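What follows is a set of structures to go through.
Below are two complexes that have subunit A in common, paired first with subunit B and then with subunit C.
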Partner chain A sequence: MRRITLPRMGYSYIGFRAVFDALGHEFVEPPPITKRTIDLGVKYAPEFACFPFKITLGSLIEALSTGKVDTIITAGGIGPCRYGFYGVMYEKILKEELGFDFDFILLDPPIKPYGNMKKVWDIVLKWKGELSWREFILRLTKGFKLAWRKLKKVEDLEALILKKRAWVKDISKVEDLFNEAIRKINLSMDLDEVDAIYKEAKDSIEAIPDDRGDVLKVGIVGEIYTILEPFSNLNTERLLNERGVEIERSVWTTEFIEYNVFPGLPFPLKQMVGWKGKDDIVKYSKPFLNEFVGGHGRESVAHTVMFKERGFDGVVHILPFSCMPEVVARGILERVGRELDFPILSLSFDEFTGEAGLITRIEAFIDLLRMRRRMAA
Partner chain B sequence: MRVYLGIDIGSVSTKLVAMSDSYEVLSAVYLRTAGRPIAALLEGLRMVEKDIGNAEVCGVGTTGSARFLASVVSGADLVKNEITAHAVAAIHELPDVKTVFEIGGQDSKIIIIREGVVVDFAMNTICAAGTGSFLDHQAQRLGIEIERFGEYALKSKNPVRIAGRCTVFAESDMIHKQQMGYSIEDIIAGLCEALVRNYLANVAKGKDLKPPYVFQGGVAANLGIRKAFEKEIGFPVYVPKYFHVMGALGMAILVKRYVEEEGIKTSFRGFRIVEDRFTSKSFECSHCPNGCEVVVIYRGSEPLACWGDRCGRWQDKFGRGSVVGELKEVA
Partner chain C sequence: MKFGIPRGLYYEPLLTEWKVFLEDLGHSVEISPPTNKLILDEGVKEGVNEACISLKLSIGHAMYLKDRVDCIFAPRLMNMDKYKRITLCPKFRGLPDLFRVFIPNVLSLNAYLGSFERRLSFYSKVGRELRVGFLRVLRAYRRARLASKKVKELQRDGFLPDEARAWVLGGSEPSFTLKRKDEALPIIAVVGYPYIIYDDYVSHSLLKKLVNMGFNVVTPEMMDDKEIEEALRYLWKPLFWSQSNKVVGAAFKLLRKPEIDGMIHVSSFSCGTDAWVGSLIELEAKKFEKPLMRIVVDEHTAEAGLVTRLEAFTDLVRWRKGRAVI
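This part shows the complex of A and B:
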């Protein structure tokens, strides 16, 4: 049995927990991201590393410091941007610089022309542990199924509160119901139970009467980590919600997994999981951006255009300071905004970002959107 | 007479405007915040009261980085970000304005307006190069009053080229040019041009600049910067009469509209508050490793508001009145 943890990113740990619990390993939940996490990451990461790297490094240091962890699992062995360095960097800093002793499992996209089958095999053996092959396959299947369902349901609830919070004055009621449901889903080991918890939470959140009007609709695009981990963006989504703006995210953990795993699957399997490819991204990012620029740069552009077509009031673009793909996207989004007459606010975050400037920008952006609505009416 | 009060408390300066029902500015106060926003606000109110006598204040609006603090202390009806406030004032001054340059003490903004509506804006993000406090600092270093900075710049025939990318480089480059023997006038004019270039390259990057241009904020007083803008963009730049208090003027206009539209009675605490003792205390919350520094504002011993907690633990409960007791103990 291993005691496993991984860097925290939003609620993704819920999925990993389901898999490792099913395999009989002990999953150590990464502690919530706090200022201390960021301080630790900033202290030990290279100064010019990405902000998400600093946060996740801090998160791993906190988890290792508890002494309850012997294995770290993380993605980021190859990557479309500096993310590709995360794995090696974690290992180097945590082992060589800080002297932690642990087993490091790096998850690469499994099957690619340059993929290393030997590595995949080693990981399988580590996860299998003492289990018989039959038992391992059964548990793994069950674990993945449960993890996927949990992640999907948690994301559905997140999507729900990102809308609902904009419509009610006392958002703590919505958040209490949400947090309780997340806690229960995380602990549940049964597919039907997960569905039931989801249904109950969804119904009771939807039943809260709306007591605000004139709600704006804004789409979120940008870098996945900074979007999914609220602490890293100073809770921008909540700041928007509180000011009467409902939000739709364009990036999610499950989608990230699909994008990274499904394209590598052999053809029949691709059909089975219903992978449709990235045709829409390619289509909608034209003619503004016709190349892959790393990370989610192209997605940011395409989703912005899609939000415009769907009649949203505007888009908020969230990126970590110095994130190469998103910096490219930001430049292009300025043109998208001008040509499509569509308001876009780019917000970049790092350990120095101050809340005062952020709130000023957000409020000015909301004023701008409301004014446009009034003029259009 | 009905009067509307706009308050703009920035990092460097505190601005107050009292405006009549017919949009006439009755009082415009500009003073240094000097790190004590509450004291500056009370001092400002005292000065406004002198100007307007016993006219009836029908609405108060606050903006600037201390807008929440100012709102709590004064009992404001409307709190707005400084971008909207500045845009409203600029549109009021010049209804067909298309571009607003605003340079204040710590930040600089650009606001793009089309047909009287804000369509785009930006604020400086990282570097304070080109903002008022930097100019202040350089004036001090050169032993020139900041008020006469522009005068010197206009005397220059041959502005030197100064690296304006960042304050540190600009300063060392300036010293270098001084030591090389360039005249003070040429250096100051060069600095003005460098700051304008820096502003246009960073804050205004990618923005659709179109005339007419309005230039406001404390730095607009500086003739050298004004001239550098005109040289760089090739159009005249209009500086409104109340350029130094535009944020406060914008708030006075906004709160007038707001009070009239909603038909509300102002919650202004009255000028007598200048006699009260307002204090702020802060403590480190120990409920999680964030260790947020929570600030509580008191009037006498009564807590008025609190903020600074990331999770909202203190703010939310304060809203429901359940932590007031706890906060009293902290005091």
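This part shows the complex of A and C:
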């Protein structure tokens, strides 16, 4: 049995726990991100590393310091953005510089020159451990199924509160219901139970009466980590909600997995999971951005255009400072905004971002959106 | 038609290759001039917030060409390595579309240039776009390759890219070269992206300064491609960006050479790839106990501050070398 942890990103840990539990490993939940996490990451990460790298490094240091972890798993990658090299850097810093001792499992796709089938196979063997093949595959499928259902339901609830919080004055009731449901889903071991918890939470959140009007509609696009981890964006979404802005996110963990893992699956599996392709992204990002630029750069552009078509009031673009794909997207979004006459607010985050400045920018943006609504009416 | 090729992110020997190719097909080509204050200011004003200086410069150079030419020639550089999956920094992949934010007339095709077949397919696509037959494309391609190979060789010998191009295109032999003249002088390796270290305006003529201060200089462009590639096996896996692999490979190789006395890594503020490149080089330099200085440039870098740091560093290098001899 291994004691495994992973860097924290939003609620993705719920899915990982389901998989590793099913395989009979112990999953050590990474502690929530705090100021201390960020300080640790900033201290040991390269100065110009991505903000998400700094936070996740801090998160791993905190997890390792508890002494409860003997294995870290991360996904590798093949670029073109920096993410694919996170694993190598984690290992260098945690082992060589900080002297932690642990087993590091890096999942690189078998694509030359970055990885090969043998490396993938070795990892499969490590996961299998003592189990028989039959048992291993059964448990793995069961684990994935449960993980997927949990992630989907958690995301549906998140999507719900990102809307609901804009309509009620007292958001604490909404959040309490939500947090309770998340806690229960995380602990549940059964598909039907997950569904039931979801249904109950959904109904009771929806039942809370709306007591606000004139709510704006804003889409969120940008870099996945900074969007999904509220602490890294100083809870921008909640700040918007509290000011009467309903939000729809365009980036989700499950969607990330669909887009990044599914296309690489071998023949029968790909069809089994129902991979649909990325045609809409390609279609909507034209003519503004005509190539994949890594990360969610192209999605940011495409989703902005889609939000415009669906009649949203504006878009908030969230990115970590100096993020490569999103900096490209940011340049392109200028043209999108100009040509489609669509307000876009780019917010970039790093360890120096202050809340006061952020609120000023958000409020100015909201004023602009309200004014545009009045002018249109 | 008159084409313009902006500098900034496009560098030698690609500039020569494209210029010769397009001219051979009967078009005229203007390469934007070396960076100057006006271009930099324009790029900073229009360029993307928080982008690296090179991307901002690219925009500045393209804006300079905008009204002087009919069309900006801006291939989307996708690959320069034998492995097709090794690509370039996302800024390169988005570059043509970033030009289009300001400039309507941009000719751009995806450029995979890592092997003969890929190059040929790229150039024939360009030929098709310009409505010329395959045989003419082939002839133009051969001339272009010949010229660009010559430029590359001259760069290997230590000539600066602009002067090498001028020479190959019919000018006279340049007087300045980085080639080692005096064996006794200490050697400083300068590693960094070609569009930064050879841009005299952005790097404040770092290379020339070092030579004038009495050093021999080596750059990644002066090394053998094989050597660089070999040195990459010291990494767990290569980076995803051609230009970064070249810098890391060169740095790793040079740090292992006893005759190298010190290394300077020049990078751009807010450069994405250099977050990794910089720290990989740093860790390696520590292992081999070589003096290393990192210079981060942006539009605000002041020459005076740079000179002070340079002097301190070169003193250290000289002192260590003197001590080693005694």
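In the analysis below, the second predicted complex is superposed on the first by the 365 of 377 C-alpha atoms of A that agree within 3 Å, B and C clash if a C-alpha of one lies under 4 Å from a C-alpha of the other, contacts with A are read in each partner's own complex, and residues count from 1 in each chain.
One rule holds in what follows: contacts are C-beta pairs under 8 Å (C-beta built on N, C-alpha and C of every residue); 3 or more make two chains touch, one makes a residue touch a chain.
On a predicted model such as this, the values are computed, not experimentally measured, just so you know.
A.B. asks: Scan A:F292 for contacts with subunit B and subunit C and give back first, second, both or neither.
C.D. replies: second
A.B. asks: Could you look at A:P80 and tell me whether it touches subunit B, subunit C, both or neither (first, second, both, neither)?
C.D. replies: Touch partner of A:P80: subunit C, not subunit B.
A.B. asks: Can A:G311 be said to touch subunit B (first), subunit C (second), both, or neither?
C.D. replies: Touch partners of A:G311: none, neither subunit B nor subunit C.
A.B. asks: Is it subunit B or subunit C that touches the larger share of residues in subunit A?
C.D. replies: Touching more residues of subunit A than the other partner does is C.
A.B. asks: Touching A:G67 in the superposition: subunit B (first), subunit C (second), both, neither?
C.D. replies: In the superposition, A:G67 touches no partner, neither subunit B nor subunit C.
A.B. asks: Does subunit B (first) or subunit C (second) touch A:A364, or do both, or does neither?
C.D. replies: first
A.B. asks: Output check: A:E334 vs subunit B and subunit C. Expected answer is one of first, second, both, neither. What do you get?
C.D. replies: In the superposed model, A:E334 contacts both subunit B and subunit C.
A.B. asks: In the overlay, answer first, second, both or neither for which of subunit B and subunit C A:S348 touches.
C.D. replies: Both subunit B and subunit C are touched by A:S348.
A.B. asks: Given the touch rule stated above, what does A:V88 touch, subunit B (first), subunit C (second), both, or neither?
C.D. replies: In the superposed model, A:V88 contacts subunit C only, not subunit B.
A.B. asks: Would you tell me the residues on subunit A in contact with subunit B in one complex that are also in contact with subunit C in the other?
C.D. replies: Shared contact residues on subunit A: 331, 334, 348.
A.B. asks: Considering only the defined contacts, which subunit A positions touch subunit B in the complex?
C.D. replies: 32, 34-37, 172, 231, 234-235, 331, 334, 337-338, 343, 348, 352, 356-357, 359-361, 363-365, 367-368, 371-372, 375
A.B. asks: What residues of subunit A sit close enough to touch subunit C in their complex?
C.D. replies: Within the complex, subunit A contacts subunit C at residues 46-50, 53, 76, 78-82, 84-85, 88-89, 91-92, 96, 108, 111-115, 287-295, 297, 321-325, 327-332, 334-335, 346, 348.
A.B. asks: Would you mind writing out the residues of subunit B in touch with subunit A in their complex?
C.D. replies: Residues 65, 80-84, 107, 115, 117-121, 123, 125-126, 206, 208, 288-292, 310, 312, 316.
A.B. asks: Considering only the defined contacts, which subunit C positions touch subunit A in the complex?
C.D. replies: So the residues of subunit C touching subunit A come out as 47-51, 55, 76, 78, 83, 85-91, 93-94, 96-98, 100-101, 110, 235-241, 270-276, 278-279, 283.
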